[in-house]
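Both of the next two complexes hold chain A, though its partner changes from chain B to chain C.
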Partner chain A sequence: MARIFLYTLYTALLSTLIACVVGVGTAFFTARRRFFGRRFLLAAGIVPLCVPPLVIALGYVSFFGVNGIVSGWFKAIANAAGGNFTGLTFLYTTLGVVVAQGFYNFPLVTRIVNDAWERLPPQNENAARLLGAGEGRIFFTITLPRLSGAIAAACIPVFLFCFFSFMIVLLFSPPGNSTLEVELYHAVRTTLDIRSGVILALIETATAMGIVFAYSYVIRKNQIGVEGLSFTRNVRSRIAGQPFESGAARAIEIAGFVLLAVLALLFFAGPGAAVLISSFTIKQNNAEVFGFGLFRGLFGSATFWKAFINSLLIGLCTSALCCFISFVYSVVIRMKGKQQKVLFQMIPVLPMAVSSVVTGWILSLVFGGGNVVVLVLCQTLLFWPIGYKQIQNGMNQLTSDTQNAAFILSRGRLDCAMRFYLPSCRKVIFTAFCYCFAVSIGDATLPLVLAIPDFSTLALYTYRLAGAFRFNQACACAVVMILLAGVGFLCGPSRASGTTKGRMGSQRQHLGSLSLSKGNKKESK
Partner chain B sequence: MRKFAKIFLLTITTLTFLGLLAGCSKQKINRTDEIVVYTYNSFSGEWGAGPEIARLFEQKTGIKVTYAEIGDSGQILAKAILEKKNPYADVLVGLDNYSADKALKSGVITDYKPAGADSLIPAELSQKLNGEGKKWYLTPYDYSHFAFIYDSLSDVPVPTCLEDLTKSDYSKKIIIMDSKTSTLGVGFEEWVKAVYKDKAADYMNRLKPSILTVAPGWSVGYGMFTDGEAPLCFSYTTSPAYHVEYDEGDRFKAAVFTDGHVMQVEGAAVVKGAPNLEGAKKFMDFLISDEAQDLIPLTQWMFPANMNVELPASYAAAAPVPKTIE
Partner chain C sequence: MFFTVQNIHKTWETKTVEFSLDCEKGTMTCLLGPSGCGKSTVLNIIAGLEQNDPGAALREPQGQLMIELDGQRIDNLPPAQRQIGMVFQSGALFNHLSVVDNVAYGLISKGIKKSQARRQASEYLTRFDLAGFDKRMPQTLSGGEKQRVALARTLITQPKLVLLDEPFSALDTDLRHRMAAQLRKWQQELGFTAIMVTHDEEEAKTVADKIVRM
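Then we have the complex of A and B:
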């Protein structure tokens, strides 16, 4: 048990480190520079949320496997040189586990850190530059501390994802290795060894909660906006295009960009492209044909459409409930002034420390079985922290002056919530809705554990396709899932990349509407 | 505004409460025109025998079949044990000879021998599930031997016994399945135990350098094998028939080992206290009938238990029947 625990922890920590380093490095370029593929990279942040890990794992096999695309390149080079190359096997080692998990999750880190980085007003950095500080010093002493909250907010879900990992570890780890989640799954679903199951669940949950507690402690100070008015705009320049950069800084920037681009292309885009290509490849009589046949087959299947509708409805219900709970919780703790207390920061993150297997198991014991209502409740319980983080980030932009003014000008707490907080945060509420929707779409574990009769979701359907020797169809279904999950992000209001002034302006507008109404009420009397 | 908020909150609370109640309901179920079958995805999924069997059964008897995909053999049994006091399912499909002992001792299944079973099912199959001379609880519906499938186009030598696999020729060349997540994983461990007895753990240690990956399930592992990741994969002797049937040639062949092979027999059983006992019994009768068993070879890719079924030509071309060991 100790060996399994240490192995799980070791792979999770290493994977998170990779995701963090690559993710933060990439976020620098997406937040402060413009380059081809920037928007695509940010959009790719939803992939870890909504694509079942098994499909991703098989994508890595297609790209980096013994008979994968990269092995093919090496074989061709070796053959041309008169040698022999038997194929890459690094994927089937702990290195493979860590690389797959780390790179599969880095876009999520990039996206979350980018959102925060874009919002950082550059005054402090500019002031440091004026005073003669080098770019490196500025980054480590000014930027990084201010981003620490966002970095932690991004790394926690990545760590927990890797800690609770199932498929990727099973497939790529050397024989004889296992994770806590696999052992737990086996104990509660097959052997019915409840005692072991409880011990494993406790160890798993306690470790995850320990990490979560550390996170809450770190971010508790960043819960209130302290920025005043700012008239500077966040302008993105070309790579190494800032006028104040020294030659050395420019060289480092270009080298960093090239390195990150190569890593991202090889270890994220490559397997992703393998999945995409597989979704357009039909295997017929030992030959491969490219076309939309698999999609046509999917769209012609009644089972697919049932799964699609179920996913859509469950996703909408779960997201709505998640946003409702997140918003109410956020507003209530803010009104009571408790947002900097560690306990209140921990509560919304605790559900993330409990794995889907544990939640599904406990709830099916309590309810004696699964049905759609239980599934929605389970998903809401587990995923509302994701929505909360977004709403929390939005509310953190509201300065205490603005909030105090809102309290004074509103008729009561509910009025303040409905007419100040709600409009101020509508963009982040929509983003929160989109994130929760994406995660709900991508969740195959809860429907699998609850085993609802005659019921399927897209995630479960994809998982079953992959598990039924139909990998290409699974890839096609995964593409449909990404599109469905991404629709909200594409159609939503443009993300907050505007000026701090603009945000302050909109806050004043809301305050204005409150005072006007109060004024009207007086007049009507 | 306050009144509206109160009504809104009250509605949400009521709906949640009703939802919880709906989830919690534990009344005794009474079914007459429907049966619920707990099974695994390969049977009840689009590509398994389940959907067509359900359709034909409904046509014949008017009883609707609802499949609940619980997981593999062990998971199906575990769920039935959890529901022992108030069973939801009528039939369990997918209990194999490795979980038969546990199933018989659990008390969740009731004895029922489908009509004509003695003349349709070989005694050997029933004995593997129910034991010799014992009451008939589990009805076999398909079976196959486990074997390593090899890629005849690769340059690794064809293994002739389990011991061969530990040689350096096979370093990182075999794919097997995890026993915690796949019945094939359990099957492999049983095979090793049957051949090596108390030296099984030692063999598994010596085999480690040869293993490329321990796949979570058969399909993932076999898919990687056919994609060329490794030249050997643990599967059934009947797997090559799939490739022959779909004109993919005879590249993938089963290696017959001198050690002998172990068999997996899959069975179905009626749940004790089933809500629709009569419907369950009719389903069992239908499951071993010629009509249902005809579907097995080309959907389950295992041998049908019913001796009357004519096998497709692809089976003759690709499925050797090896020596069985216990």
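Then we have the complex of A and C:
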């Protein structure tokens, strides 16, 4: 058990390290430089929240697998050189797990650190520059200490994601190595070793709880650090275009940019594109044909439509419940003036410390087995904080004067909630709904853990296709799943950001889903 | 002339700043003008933090930017090598460092050992009525104290030219005038050459040997 625990920590730490190094490096360019693809990189920050790990795993198999696209390139080169190449195998090792998890999560780090970096006033760095400090010393003594809170705030959730990682480890982990989450799943679903399951669940939850408390401390500390930061827009220069950079600094900057671009293309964009390409590729008579055949096959399958409708209904129910709970919780703690209290800030963060497997297992024990209602309940329990943060960020944009006016003019609290808070936050509620819906659609772990008889969702259907080595069909199903998950964002993300005008608002909307309250500066004063 | 800047040229959407200036050694020059007229941009270009537009240089070779300090061309040098100090409007103190570490920062950049730099910084703070402030963090200081720390941090490195970008604009009127008078006193005592930007005519008259309207 100690070995499993250490292996879980080891993979989570290494994955977080990759996400941190690549994410912070990329954030430097997105925050301080302008270049083609900057907006795309920042928009990719929602990928770890909304694209299920299963899709990422499929992408890695399609791109880096033994019969994947990259292996195909190497095979072609080897054949041309008269050699023999059997395919890349690193994916099915710890390296594969760590790389997939690290690169899957790095855009989240980029997004959060970028947000903080953009708000750092350039005067501090300029002051250091005029005091004779070189660019390296400025970065390590001025910039990095001021970003440390944001980096920690980004890395801790990434660590937790990796710590609870299930699908990627299940698919890629080498024999003999497993994580707490996967072992827990095997204990409660395969071997029915309840005693081990309880111990694993306790170890996992206690560790995660400690990390969540550390996270809340970091966020609260960071919240204080926000005071005095610049909220004015910094002018971004082109890459290596700063007047004060020496030739060597420019060369390092260009080299760093090229390296990060190659890594992001190879390990992030590549697998994503591979899912899309594979979904349109059919193998016929040892030849690959490009077309819509896989989608035609899926749409002609009754099982697929059953899974599609199940996903849609469960997604809608979960999202509606999440938004309802989030809105009620937000309004109640606001009306009671408790939004700055540690306890009330901690409650929405606690679900981060409980894994899907533990939640699913416990609720299925409580309700005597898994069913659709238990699935919706489990998802609501785990995903409502995502909705809560969107709604809370929207409410934080309301000035205290406006809220006081609403209290005075309303007939009562319910009236105030219905006639003031609800209309004021309708757009962020819509965004919250979209996030919860996307996460629910992409969740394969809970349906798998609950093992509901004769029941499937799109995510589970995709997993089963992948498990049967029908990777291209799985990719086609994953594309449908992503389109369904993203339909809300396509319909109205720009409209949804209307309540929280300005840079801070729109950025917090996307990022806030993982962070504790940064508080309303206007209100706290 | 101790300091000369010629052909600063900067264009925004609808505005253009064209600027040249000479300063004598040990004098305080004030750039006076309304907000948004480009005063701070002029200081940033002198410090090397912003680039000059080609402007007149495209029309005639003698229209190129030229900055000379103490007989040396500095316009092609990076900010750290220009021997120019700058006090920013916000103070730009490093909030994660204590007062003494803020003041010692520039000395350490020059290669002085940390302990020695701290000792020097601590002694230097007394000149600015900041004795006993060594371990205080910038967030705990008042506006006037912050600007005094910022000034001490700049002057301790003994720059040849000090640029002051509306250093007292965040202070209330009374304190602003007191600080301006004190700045003038320190400038005369220490004999540094300075260019200060302000939009307050009274403040300019208090501190300046020469006033340039923009």
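Observations, loosely collected:
Throughout what follows, the second predicted complex is superposed on the first by the 306 of 525 C-alpha atoms of A that agree within 3 Å, B and C clash if a C-alpha of one lies under 4 Å from a C-alpha of the other, contacts with A are read in each partner's own complex, and residues count from 1 in each chain.
One rule holds for everything that comes next: contacts are C-beta pairs under 8 Å (C-beta built on N, C-alpha and C of every residue); 3 or more make two chains touch, one makes a residue touch a chain.
Keep in mind that what you see is a predicted model, and the values were worked out from it rather than measured.
Contacts of A:172 after superposition: chain B is touched, whereas chain C is not reached. In the superposed model, A:113 makes contact with neither chain B nor chain C.
Judged by the touch definition given at the top, the superposed model places A:186 against chain B, while chain C stays out of reach.
Of the two partner chains, chain C is the only one touched by A:133; chain B is not. Touch criterion met: A:374 reaches chain B, while chain C stays clear of it.
In the overlay built on the shared chain, the residue A:62 is in contact with chain B alone; chain C does not reach it. Here chain B and chain C are compared by how many residues of chain A each touches, and B touches more.
Counting contacts by the rule stated earlier, no residue of chain A appears in both its interface with chain B and its interface with chain C.
Interface of chain A with chain C (complex): residues 121, 123-124, 126-134, 137, 141-142, 145-146, 225, 227-228, 243-246. Interface residues of chain C facing chain A in the complex, by the touch rule stated above, are 47-51, 78-80, 82, 84-86, 88-90, 92-96, 105-106, 109-110, 139, 150, 153-154, 157, 159.
The touching residues of chain B, counted against chain A in their complex, run 1-2, 5, 12, 19-20, 22-24, 26, 36, 41-42, 45-47, 66-72, 74-75, 78-79, 81-83, 86, 88, 172, 178, 180-181, 208, 211-217, 219-220, 222-224, 227-230, 246-249.
Across the complex, chain B is touched by residues 54, 58, 61-62, 65-67, 89, 92, 166-167, 170-172, 174-176, 178, 182-183, 185-186, 189-192, 285-286, 301, 303, 324, 365-369, 371, 373-374, 377, 411-412, 414-415, 418, 448, 451-454, 464, 466-471 of chain A.
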